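A, B, C and D are the chain letters, set down in written order, and residue numbers restart from 1 in every chain.
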């Protein structure tokens, strides 16, 4: 592994951070595009500014948090059924 | 029992009459109660009496098992044959009407032969059963 | 001549012939058979019917229309891609089983009546169970057993439902059924099991990840889509399906987030994708149905692509556990890239296949006024990107470097994946081709600025949520674990209850025997006679005992006949001795086991 | 000999062949006579079946005495159906018996075996063809007595005891039957069944008639091994010579079912038997218990022949279950299952007979890895086993299908579920064979002499093929059964 060190661009944390920041910029741009592009609503309220961005973000955070709770309830050792 | 002279003499006298009576019952079956079944039983009883008095080997010499078996088959065959003769002569199975020139003689003939078949079969079966049981285990007369 | 043959039977015949062929010829035949079947489908087109008299019925062995043809096309395509992917697998039960499985599923799609459907339904269940078993491990054996039991159970329900249906409607024709009758309900349940409805779903996550690298790809394509077809045919517009489907889209994704086995993650997301189709069928509108069929079509391809890439990882790295993988993009860059095409497709990125199919279901739900359902579906869309689009490629190919260095996937696998990826992108770029074969006329335009923008926002912010949670350390780490699911009820609870019941009965019988021992000489002797050296009902009875039964029965009949009015309680009294006898038999066999 | 004579000839041929075989005294001519007679009966039965299907029931006055004074032979769709089954199985088993009985019996007494075989066939055919209740009793005795002896010929010592028990119970059954007939004669003054039915319609609820019904029901139930009167069957089937087991399992109990159907529907009438009396509930309860217990007992048997014997009891339960429904579907199911189970079980016992020939008996210890040494036999057992389970594409499926339909028709959902569920027990016991023959390694006790001789294998496979054939082509079996059911319900 050590000989690979540095050979790959993604192995460097600062590059990952760059990607992360870039993604935020894209996101913000997309939301701002709402001002330019008219998004017609499908369900009535989804035409609002940045609806999909907010919904996607909140939904995913909620999903992960709920899954963490779920894990407490259902997680068992790997050989659970074999015992 | 061979030594009991009274029994031997009486049996010797009785057995021919029993056989004769069997024949009487057989042939009188058309007119009065009787027929092949009863005749067969009486005939077989005569042989069985013989076996009881004179011993199984003697009876076996008189009426060998082979003969019994043949009679058994022949009796059934005779019965079945009469039935088939009815078909062959254009009637139904066991149709006696067609066996003679007129229905009455046809009936007569048909019943006669069928009863002979029955008598043969019944007496043979009686004897067969007797032989089988008597031949099993210890010989009671020897 | 070949037009006379149901298309599926071409595959079945090829599958059965496969073991007899020389090894070199097997893979080409396995690839050629689906092509031949595909050509035959194109040739016969819609409106073809092949009937045959059997069982006293007129069976429709083949009935083509636009709905069945759409599934027929994608099934043959999938079978072809599978054959390429599994080019090197020439030995064992898997290649013939895969062809027979695909063939029976294909034939089932064209079944015009329930009896024919039932026969192929069961055959495909057996063939697919063989594929699970071909996984080879002890776990695969157990999972295959459970899988088989569930699938055959579905078949039993189908048979029972068909029989009821015949009694109700006087016809076995496989047309719209609806939920209004007991027969319909049983059929619904039969299809539902195979479609992995919530709480009936676990056979899927249980069995698919236990098959071999190639086997899982085959499995993912046919079983559930066959049931989607059956639901579309029999239960279009059944409102309950909308709610079931919405639940199906939502709840598997929670499990997918915490699952470690990446092929099992994909199995959960397979379940979630089926939910979209089920909603579309439940809506029953032209667009909803079109959406369901289009999504099934697209889904088979990208799901196969994802399973193929994970299969390649399994083949080269020897595992698909999230905990053990990472950094594989360095060793398998092509596989990583193709996997990401699949991920983009399932996540419905613009220019990828699901973008043009899934949205039809969403729009349709919104149009029908199912706002809540629509919200759930959007949530599930974000979620699916989250776990299938990001999690699977991320943990396999990126994340922290696991240090695994291996070879790139073999060429035939790459070819299969590339072809599949090409089709995914092709559908995304030229949706008109897909729309042309849908059952209803389509007037839907996927590429509007509004739709593209909304979808991009959703996806990018889902991705942002993932990276934000990950960087914050909130994201649940991958752990080696088993997550309890509905299968717990039969794998654990059922087993325990059966054991507890057996123990309880044992104790009861022990107590009974103990009590009887104290009943005194006469009673004990009687009991001893009842429990002879063999079971009461199995042993040879004394002749007198047999005759006694005859006398008892005669007496019972006479009593019954002479009683003016006989209530049923009396009859049960009559049966009671037999029941006691049966229990005695059981107890006796237990006792002998103990000795 | 024109076609009108067929109802008599079908019975007479084996009846006359029996003494001829006896007189022949040699195995080979005796066997040839027996086979020829069975074959003749089969052809005659087929011709009769064609005749009654197109032209309705045939009445034949024995000795040209018109019924009801003379004995009438009456062949309708139902009896023609059973005649075809009995004579067909007899014909197929005959060549099998040449190889199997030669190996199992002393050579010098072999001709007796064939004579008795003919008698048994004649008795069963006579029971089916006759329209006279007492004549039926006579043929019942002919068939029973010959089958007792045939069973006693088995080479296992226990065969004698089994035959003796069968004799005692069979005689009780026959006696009950004849008591019932006596009561009916007392009340109606006739022995002709059709005549009896007509005269019974006014007095059907009187006590002597009800007593007659009870006696006949129990008597015939003994003969058809209805639970709990089945106890003679497992041993009799297990220890009898293979050919006898196969023949009796395929036909013996089936003819008794036929007699039950005749009396319930033809003589007493549906109204009294199934509507006024709780007969259908009792029959239903007994059938259900029979299916469950016999299937479960079969599951634990250590001998394949005995396992199949218990499975027969369960299958008879399915037939009586169909009768208890007393509906068109139910009766169709009963009659078609009577036929399908006959050929399926016949096939199984013939194949097991082949195993027994090579291995001495068919205990499961002899079956380990059998598929390697006797592949055709094992495959046949599996295929016929599938039919026993009721897998689609086999004859067994057709009957189960109609049974389920009948249950649904009657609105008894639980019964339909029950029928499907109990098939799973059949899966389990057939699986035991598959496990032993295919999955287990070759056992030390497994016969290594190769396949059974062709004379045994070919008849067995004819029946195996038939049990698949009638799973696809149901035009004869189901249509015949449906016609018979319609006839019974008239």
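The criterion applied here is as follows: contacts are C-beta pairs under 8 Å (C-beta built on N, C-alpha and C of every residue); 3 or more make two chains touch, one makes a residue touch a chain.
Note that the structure is predicted; figures quoted are calculated from it, not measured.
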Could you quickly compare B-D and C-D and let me know which has more C-beta contacts? C-D
Subunit A and subunit B, separation of their C-alpha mean positions in angstrom: 107
Please compute the C-alpha centroid of subunit A, do the same for subunit D, then give the distance between them in whole Å. 72
Averaging over Cα atoms per chain, report the distance between subunit B and subunit D in Å. 35
Based only on mean CA positions, could you tell me how far subunit C sits from subunit D in angstrom? 42
Does the chain-touch network form a line, ring, star, complete graph or other? line
Give the pairs of chains that touch; include all such pairs. A-C, B-D, C-D
Seen from subunit A, its contact residues with subunit C in the complex are 1, 4, 8, 10-11, 20, 23-24, 26-27, 30-31, 33-34, 37-40, 42-44, 46, 50-57, 59-61, 63-68, 70-71, 73-81
In their shared complex, subunit D is touched by residues of subunit C numbered 53-56, 115, 118-119, 122, 156, 159-160, 163-164, 166-167, 182, 535, 537-538, 540-541, 543, 545-547, 549-550, 553-554, 557-558, 560-562, 566, 568, 571-572, 574-575, 578-579, 581-582, 585, 589
Touching residues on subunit D, where the partner in the complex is subunit B: 1, 5, 8-9, 12, 15-16, 18-20, 22-23, 25, 60-64, 115
Of subunit C, residues touching subunit A in the complex: 253-255, 257-258, 329-330, 362-363, 366-367, 371, 374-375, 378-379, 382-383, 386, 398, 401, 403, 449-450, 453-469, 471, 474-476, 479-485, 491-492
Inside the complex, what are the residues of subunit B that reach subunit D? 69-70, 72-77, 80-81, 83-84, 86-88, 91-97
